[in-house]
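The next part holds the structures, each set out as C-alpha cells.
One chain, chain A, appears in both complexes that follow, with chain B as partner in the first and chain C in the second.
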Partner chain A sequence: MPKCNNRFSLKALAAAVSATVALGVTTLPATTYADETCNSPFTPLIKGQEDVVYVWTLGVEGVGDGSDKLVTVDVRPGSKTYGKVINYLSVGGRGEAHHTGFTDDRRYLWAGALDSNKIFVFDIHTNPAKPTLVKTITDFAEKTGYVGPHTFYALPGRMMVQALSNTKDHGGVTGIAIYNNEGALISKHDMPTTKIGGVMGDGYGYDLGINPQKNVLLTSSFTGWNNYMMDLGKMVKDPDAMKHFGKTMAIWDLKTMEPKKIFDVPGAPLEIRWSLKKGDNWAVTATALTSKLYVIKQDKQGEWQSYDVGTIGNPADVPLPVDISMTANGKGLWVNTMMEGMTRFYDFSNPMKPKEVYSKKIGSQVNMVSQSFDGKRVYFTTSLLGNWDKKGKDDEQFLKMYNWNGKKLTLGFSIDFYKEKLGRAHHMKFQALDLSKLQPLAAGSQNLDSLKLALTEPKGK
Partner chain B sequence: MKVIRALRWLSMASVLSSLSPIVHADTPVNLPIPLGLPPLVIPASNPLTQEKIDLGRRLFMDRRLSHNNVMSCGMCHVPEQGFTSHELGAAIGLEGRSHRRNSPTIFNVGYQRSLFHDGREPHLEDQIWGPLLSKNEMDMPSIGYVVEKVRQLPEYKGLFETAFNGPVNAERLGQALASYERTLVSGNSRFDRWYYGGEKNALNTKEQRGFQVFMGKGRCVTCHSVGEKSALFTDHKFHNTGLGWERTMFPDRKSYRVQLAPNVFVDVNAKHLKPFEPPLPDVGRYEVTFNPKDSWAYKTPILRDVELTSPYMHDGSLSTLEEVVDFYDKGGIDNPEKSPLIVRLNLTSEEKSALVAFLKSLTGDNVAALVRDARQAPENLPVPAQDPSDTYLDLINASQP
Partner chain C sequence: MSKLSAYIVGALRLPLRGGGFFSVLMTLVLTGASIANASDGDQSKEITEQAGVIMDFKPHPPGSYKLYAIKPAPDGKVLDINGKTRALSEFTGGKVTLLSFIYSSCADPAGCPYAYLVFHNLQSRLQALPALKGKVRLVSVSFDPEHDTPEVLKLYAGDNAHGNHDVQWDFLTTASLRDLVPILDAYGQDVYVGVDPVTLKPINAKSHVLKVFLIDPNHVIREIYTASYLGPDVVYNDILTLLMEEGIKLP
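Take a look at the complex of A and B:
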C-alpha cells in the first residue's frame, strides 16, 4: 500500500483545492479522451490503447465457484489472448459486487460490495495482468453507520466513498465516507436532510463527481438496501417500496464539504458525468425511473440550476436508464437502458437540447458502458444488481467490445460470463500494463504531484 | 491530578473486574401494564429479569445474528417504523431473498398466543429460530452455528453467565430475546383513556363515532375483540379474507400502477415484468394444519399502534388504513373458504373516515420511549475476522488429539 499520513482534514482538502485553482492545474484536457471522464480528475489516465479491462463480477450460486471476483480481460489488439479472460481473482462470498475506483496514482483499485459492505483493495500495478488483493476493509458499516459502498472517487491521497443506505433501517438515508489510501477512515459526511435552496434533502446518495475548477462536488440519489437488494419485479409491484427512491441532487462546496444547494430531480438520478471540455460548466445525469436526462449547469449569474433536457425511451415501458458515458469533448453521450438491453448515443453539442442520433440493442439486458480514450472502442456489460437482473433466458451475462466509427457499432469480441463460469459482469475499468504510460488528467501539467504533496504531507513538515 | 487519579482508579477497577468471577444476577422486573391492556402472562420457566432484557435487546439489534452479518431482528422490525418496516410490503431477507409476507409489528407481542401470520410457532421463546434459520431471512446455517458465533463474540462475554448463570445455548438465546420482546407493551392510548379511563375528552366526536362503527355497522369487533376491562383487538384466530386466495390463485395482472416519482405514476404492462421473479404462492394457515378449511387464513392482527405499522395485511399489499377499510367495506374477496364473518358493509364515506380516525387513536403513549430503549443497543459491532465454525474447529483441533 502506498504510504501516506492520516492527518488529512477538510482544511487540507480545502487548501489543496484552492491551490489547485491558484496553480491552474485544473486545465482539463480538450483532447478526445473518453470514458475516463467518469474517473476522478485526480486520477491519471492511459494514453492510447488500453491493455486490460477489469470486470468486477458478482458471484452467482451454482456458477463456477459462486464467488464475487475481479476478472481481467486482455484487450491488446494482436495479442494471442485478445478478447479472452486471462485472470480472475475470487474474493470469497457474494456481497453484491458493484462499482470500483482507482486511487489517485492508479496503482490500486478499490471495489465495493453493496450487501456485505466490504471494500476490496487490489494491487493493479505490480502486475496489472494479475491483480492481487492487498486489503479488505470490513468495518465500513460499523465505523460509518452507512451501508452499500458504491462510488469510489479519488482525491489526492484519499478515497471518497459514496454509500447508498444505512445500518439503522436499510433505507436510503446515507452519506459519504473519506478514507486515506491506506484504508483508514478519515471522515464521514451525511447527505443533506434539511431544506437548502428551497428544496428538502432526501438524505439519499448514489454517485458523486467533482469539478475542481468550480470547487464543487455534485451528488445524486438512488435508494436503500431494502430496494436495491429486492427482486426488481417484486419491487415494481410493491407500492410502498416504490415510494422510497431518491429525488434530489446536491451541489456541495468541496472545500468545506457543506451542501450548498439541493435540486429537485425526481425519479432516482444516477450516474454523474461532468463535461471535461475546457470552459464547460455543466454535468449530466439520467434518472432511472422517470427516464429523463438532466443537466446541472451554472446560469448567467453563476448560480447552479437543474434542467430537464430530454426523455429516454418511453417511461411507461420502464426502459430503466442506467450507465452513461460521456465523450471527453463533451459532445456525445452513451446511455444504456437496462430493460431494453439498448444503448443510445446522444449528440450533446448543445447540452440543453441533446439529440438521440443512434441506437442499438446490445443484448437482453445491458448496464455499464465504457469508452476507450479515443472513443473508438465501446465496452458493455450486463449486470445491474444481483436481484435486478432478469431471470431465465433473458439473464445474459457478458462483456462485449464494439468498434465505433462515429456512425455505428461493430462487434469486436464478446465473452459469455456464464459460459466462462464467472458470474454477473458489472463494473469495468481499464488499465495499462506499463504504468509509465499513465498521463494525468490535467495533461501536460507538472503540478499534479505538487497538489498531491499538499494533501498528503503532514502539517508543519 | 484528579484526572490521573481517576484513570488509575479506573484501570485498577478494570483489572479487579477482570479477575472477579462473573456474578449471576436475577434482578426481577415487574413490568408495568398500561391502561387498556390485560395482565401479561410471563412463563414460569423464563421469569423477567433486567439482565435477560438487556441481553435480549442487544441480541435483537445485533446485525451479526445473520449469516453474513447484515440483518438483525431490528432491520425488519425497525423501532422507528412501528417495529415493522414501512418501506416494504413483503419483507426481504439475506442477499435480498424474497419473503411472502409482511414483517408483523412486535408491539405487544408478549400477548400473542401464536407467532407468525400463520401461527406456526406457539412459543415466543422458540420463535427466534424461524427467522434465524430461514434461508430467506437471516440464513444461519444451524442452531449450533448461532450458539457458537454468539459465544465467540467478545461483546457477549459474561452476559449469559450473568443473566442465566450459565453459558450461551439455544434455549437461553430464545429466553433472552423473548424477555426483551415482552417489554414492548404499548397501551394507555387516547382510546384507553377514554374507554377504560373515563376521560371524556380523550377522543373527539369523530373518533367516538368511529368507535361506534368499529363496534357496530363495521363489524370490526367481530374479530378485533374489545373486552370490558382491556382490549387486544384480536381474537387470536385465523380468517380467510380472500386477499391471500386472490394473490395465489390469480397472481397475474395485465398491468401495474407504478409510482416513478412523487405524483408521477405510469401503468406498466405486465409483460415487462415477466423476466423477474413470479409472485410466491402462499396458502396461509393451511401450511401449518393441512386442513383445507384453513386455506388462505391468516391471524387477526392486534390493532394497537396500527397507525404506525403500515403497510397492512399479511402481505403488506395495502398501504393505508383507508385502503384497509375500503377492502373490508367491500366484504373482502369472495372465495370458497372466505370467512362468513366478512361481509359487505356498505359504509358511508363519513363512517369510513370516522373509522380510520378511531384506529389512529389506538397509539400507545410510550412508543417514543420504546424506540429510545431499543436504540440503547448498538447495531454496529465488529464483524468476526474468521468464520465462527472455523474458529470452533481450530479450538477443537488444538485441544484434541
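Take a look at the complex of A and C:
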C-alpha cells in the first residue's frame, strides 16, 4: 500500500469490501435497540413497546416481607398478565432503595440504597421477566468516602455513581464514583467546593447527565444523609436543616472530569434531562424548594449559561417538583409535584419560554415519571423517600400507566403497591423481552456447544 | 461537498442500498478518486459527521489529561489471517493497541464501516510520525467466525495482510463460537443475531453497539469508545497520551 500521507487510502477498504462481494454476502442495516428518554446516551434504547417495567421498591415494615425489592410488571398490551406484577426479588432488609441505572449494554441494572450504601447489580438479560441478583457492592462508602449512591449512569464499560453525602459528617458534600462494569472502583471525583466561573461550589450532588456531542457532564445538587433520612415534617421546622440544600449546578469536562463552570441555581436542582434532539445544546432541571424550571444552555459565544425559564405551580405553596421527563424530540416536558400529586406537561418547543399546556392529579402524592420513547405511554410512581412520603391515607403507593394522545392522559392500569404487599414504589426502568428473541451471545450459557443452535433458532421457537 | 465527503458517503451509506455499494466504491477506486487536501481535524470532523455522529468540541491536547485503568484486557484464543491459532494477548500488549470487534458484512453506518474509517485515518496519521514506528497496533476481531474465515479476513485486510506497515493492523477471527463468546463477554461487546420477523430464521445482520478499546502496553484497557464518542481526533490524542506515559517523545 502506498504511503497515505494523512490521506485516506481506498485500496485497503476496496480489498475488504471486494471480499464480501466475492462471497455474495448480503448487507442489512444492523438492528438497534431504543427506549425511554432519560437513560445514558451510551445505553441502547427501546423505541417501540416496552415489555416489562422494573420498579425499585422500598420495603416497609409490616408490608409483605418488609424488604427492598425489584418488582417486575408485565406491560405488554394483550398479555394475560398485562398490568400485573409477574415477579419480585427481595434483596433482604431495608436500606432506602432509591434509583437504578442500566449498564451500557443494558444487560445489568444497578440499583442503589441511600442508607445502607449498598449497590445491587441485577442480571436483566438472561431472563428479563425474572431478574436475578448477581452482585452486591457493600464497600461503596468505605472505598469512596461518599454516602448515598443515587444516580447510576452508564459510560462505555463503566458506571458513574453520583452520591448524595459523605462519611465524615453525613452532610451534602459528596462526589462521583466511577466503577467498571465488573464492579471494581476506577476513580472518584469530588464535587467542586471552590469558586469556578464566579460561583462558589457547594460540593453537593444529586443527578448527572452527559452530552457526548459537547463532551460535557452536568450535575445538580440536593442534600445530605442528615436531611434525606430525617422525617420531612421535622426537617422543614428545623431552620438549620433547611440551610443544607444544594444551590448549584456544575458543568464538567467529561474527558478530564474537571468542573468547568458552576451555576447559581438555588432551591435544590434535581433531575437533569438533556434534549435528545440531535444538535440541541441544552438541558433542563426543576428546583425542589423554589419550584422553578432552569435551562442550562450554550449562548451564542458557546459559553454555558443557566436560565430561569419559569415557575411550576405556585412556588409559595411549595408543590415540591420532583421528577421530570423530556420527550424524545425535546419539545415536551412532564413535571411531577410531590405535595400536589400532580403532573404537568409543558410545551418546550422554545426551551427559553416553556408553556404549561396540561395538568392532571395522579394521586395524593407522585414522584417519578417515565415515558416510552414515542411518548405514548407515561408511567408514574409515588415514593420520594421513606421518611418524606406522606402519612396515613395520603401515603398512596402505586404504579400507574397512562396513555397519552397529546391532549390528555387516560389510565391504562394501576397497581396498588400496598395492596400487593410490596412497599413504596420508586424508580422505574423499562426492559424488552426482545433480548430473548435476538439471542445474545452470552458466555453465561450453560452449554457453549449449544450456541450454534442458539444462533440459528430464536429462543423459544 | 468535498471529495473526501463524497468518498465517505459512498463508503458509509451505500451498503444500505444493497450491492451498489461495492460497484460504486470500486468505481471510485478504479477511477483514482483522490481525497481533498483536508487537514487532519477536518478529516476527523467529516468522518464523524458523515456517520451521523456529532462531536462539537475540540479534543484536549495529548498528555493534558489522565486515562484511568478500566480493567485488564481479556485474553482468548484467536486465529490470525493465516489460520494460525494465537493468544489474543499477543495482540494487546507491548504497544498501545486500538481494538474493535467487527464483522465484514456489517452495513450499519455507525458500526463497523465507521470503525474501519476511523482506524484507517488513524493508521495514516500515526504512520506519518516516524517516532511512533512499531509503537502502536490496530486490531480488528471478527465476531462472525462462520463467515469471516481467515481467508476472508486476509482479503479484508488488504495490504495490511503483508505486515509491512509502521502501524500494523491485525485482523483476527476465531475457530468457533466456543472461542469467540468468552472473549466478547469479557470485553463487554454485546452482539445479537437478527431474526426475520416473518420466517423467524436468522438473517445475516448482527445487532451490536460499536465499541472500540484503547489498551496500554501492559494489557490494561484505558478507554472505551462507542460511536457517539469515537472521533479520530479524540482517539489520536488518547493514543499519544498513552505513548507519552511510556516516555516516548513526540515531535
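Some points to look at:
Convention: the second predicted complex is superposed on the first by the 399 of 461 C-alpha atoms of A that agree within 3 Å, B and C clash if a C-alpha of one lies under 4 Å from a C-alpha of the other, contacts with A are read in each partner's own complex, and residues count from 1 in each chain.
The rule we apply is simple: contacts are C-beta pairs under 8 Å (C-beta built on N, C-alpha and C of every residue); 3 or more make two chains touch, one makes a residue touch a chain.
Here the structure is a predicted model, which is why all the values come from computation and not from measurement.
For chain A, the partner touching the most residues, choosing from chain B and chain C, is C. Contact with chain C, but none with chain B, is seen for A:A184 once the two complexes are overlaid on the shared chain. By the touch criterion defined above, A:R344 lies against neither chain B nor chain C after alignment on the C-alpha atoms of chain A. Applying the stated contact rule after C-alpha superposition, one finds that A:K243 touches chain B and leaves chain C untouched.
Contacts of A:A316 after superposition: chain B is touched, whereas chain C is not reached. When the shared chain is aligned, no partner comes close enough to touch A:H99: not chain B, not chain C. By the document's definition of touching, neither partner reaches A:R273: not chain B, not chain C. Looking at the shared chain after the overlay, A:G386 reaches chain B, while chain C stays out of its contact range.
Shared-chain residue A:R107: touches chain C; no touch with chain B. Common to the chain B and chain C contact sets on chain A is no residue at all. By the touch criterion stated above, chain A contacts chain C in their complex at residues 1, 3-23, 25-33, 41-42, 44, 104-107, 155-158, 178, 180-182, 184, 186-187, 212-216, 253, 255-256, 278-279, 281, 435, 437-445, 448-449, 451-452, 455-458, 461. Within the complex, the chain B residues that touch chain A are 63, 68-70, 75, 78, 80-81, 85-90, 92, 95-96, 98, 256-262, 264, 266-269, 272-273, 275-279, 310-311, 316, 319, 379-383, 385. Of all residues in chain A, those touching chain B in their complex are 93-96, 115-117, 138-139, 141-143, 145, 167-171, 224, 226-234, 236-245, 247, 266-268, 287, 289-290, 315-318, 339, 364, 386-387, 390-392, 394-395.
Remark: chain C residues 4, 7, 11, 15-16, 18-19, 21-22, 25-26, 28-29, 33-35, 40, 43, 54-57, 59-60, 64-66, 68-71, 104-109, 111, 116-117, 120-121, 123-125, 127-128, 143, 147, 152, 155-160, 165, 177-178, 180-182, 184-186, 188, 190-195, 200-209, 211, 221, 224-226, 228-229, 234 touch chain A in the complex.
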